[in-house]
Amino acid sequence: MKIGRVAGTVVSTICSPAYERQRLLLCDLLGEDLRPTGEYTIAVDSVYAGAGETVLIIDEGNSARQVTGIPEAPIRAVVVGS
Amino acid sequence: MKIGRVAGTVVSTICSPAYERQRLLLCDLLGEDLRPTGEYTIAVDSVYAGAGETVLIIDEGNSARQVTGIPEAPIRAVVVGS
Amino acid sequence: MKIGRVAGTVVSTICSPAYERQRLLLCDLLGEDLRPTGEYTIAVDSVYAGAGETVLIIDEGNSARQVTGIPEAPIRAVVVGS
Amino acid sequence: MKIGRVAGTVVSTICSPAYERQRLLLCDLLGEDLRPTGEYTIAVDSVYAGAGETVLIIDEGNSARQVTGIPEAPIRAVVVGS
Amino acid sequence: MKIGRVAGTVVSTICSPAYERQRLLLCDLLGEDLRPTGEYTIAVDSVYAGAGETVLIIDEGNSARQVTGIPEAPIRAVVVGS
């Protein structure tokens, strides 16, 4: 898992149906010193995190499917803590 | 997921049968500022994205197989939103 | 597997229920010379490692689920030796 | 998927039985401009690619097993187009 | 797959039971020119490779489980040729 900070939500005009009920968060990845590393990921939310919040992100598909409870979800990264 | 921009389609003269009906997109990966990072990926299309469009790309095999609906597809990255 | 050093434990005020009984370790990744590389990961503990200890970390979801014995655990990295 | 160029074949004097009937290709990874990035991978061949050929490489275990048709093959990268 | 060179074996005083009968090799990753890249991995041995030997390493959990023949092994990287 990595530490991230929520930069905002992502809205896509055309997208696969699987994402229609998912809240997608654009997250800056942080170093141990909680400063941005310059990298980011787009993760599905599971804890109702808001912009600016420091969060825990797991970037593994099977974990993301467990956390969201949707075994066939096409997701890879998920915010699991804040 | 990452943000990308479609640079064009990829055509291969000889390829595995699994790719014969897939549209392959060469996508530049973008940073949060929507500027190219210098990296790219080749992803299967699922939203009929055109050249120059900004897209969402998921780079995980099981997700790609879910999105395309082909459980045995040998694909890893897929364009899921634009 | 990689070599790491435990920097501390991670506590999250709001988190997915799957993590409630897991001890999460913030680990600095080390090079072969046992000096920090500047990268880190957050791994589930399986050997009761303490802060400052040099540990072995495996960063693969299916392995992490085997080590913890929880087939549906949404975890990716686990400390497996010290 | 990534673009690569076949640099040669890999022959191993002692290897796991699973590789005995596989042709292993040493491939330079290329950028979008088709110039070497300095990185490489060793991939199983599925299209009879020759040295110097530009190829498409997929680097995901489950895809590689689908392309080769051997569900239990211990392979991760495969050349799927040229 | 990548090319590596065995730097030595890894011994852990406390470790998960799954590793008790596995020989763990610390391997320097090499470039195509067979010079060290500065990166390393710790891989399970499957070909009785010795220190200083040039080896083939596959870094994917399902492959590693196939090569070792232990479906539930928590391993990710394995030395498959030398």
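Note that the chains take the letters A, B, C, D and E in the order they are written out, and that residue 1 is the start of every chain.
The criterion applied here is as follows: a contact is a pair of C-beta atoms (placed from the backbone, for glycine too) under 8 Å apart; a residue touches a chain by one contact, two chains touch by 3 or more.
What you see is a predicted model; the values in this text were computed from it and never measured.
**Q** Out of curiosity, which chains are bumping into both chain D and chain E?
**A** Joint contacts: the list comes back empty.
**Q** Overlay chain B and chain C by their C-alpha atoms and let me know the rotation angle in degrees, rounded to the nearest 5.
**A** 145
**Q** Could you work out how far the Cα centre of chain A sits from that of chain C, in whole Å?
**A** 20
**Q** Between chain B and chain E, what distance separates the C-alpha centroids? Give it in angstrom.
**A** Each chain reduced to its C-alpha mean, chain B and chain E end up 32 Å apart.
**Q** List, in ascending order, every residue of chain B touching at least 2 other chains.
**A** Residues 61-62 of chain B touch two or more partner chains.
**Q** Connecting every touching chain pair, does the picture come out as line, ring, star, complete or other?
**A** Chain contacts: single closed ring, each chain with exactly two partners.
**Q** What sequence of chains forms the ring when you start at chain C and head for chain E?
**A** C, E, D, B, A
**Q** Could you please specify the touching residues of chain A with respect to chain B in the complex?
**A** 7, 10, 12-16, 18-19, 24, 26, 28, 38, 40-43, 61-62, 65, 72-77
**Q** Would you mind writing out the residues of chain A in touch with chain C in their complex?
**A** 1-3, 31-32, 46-47, 56, 58-64, 66-67, 78, 80-82
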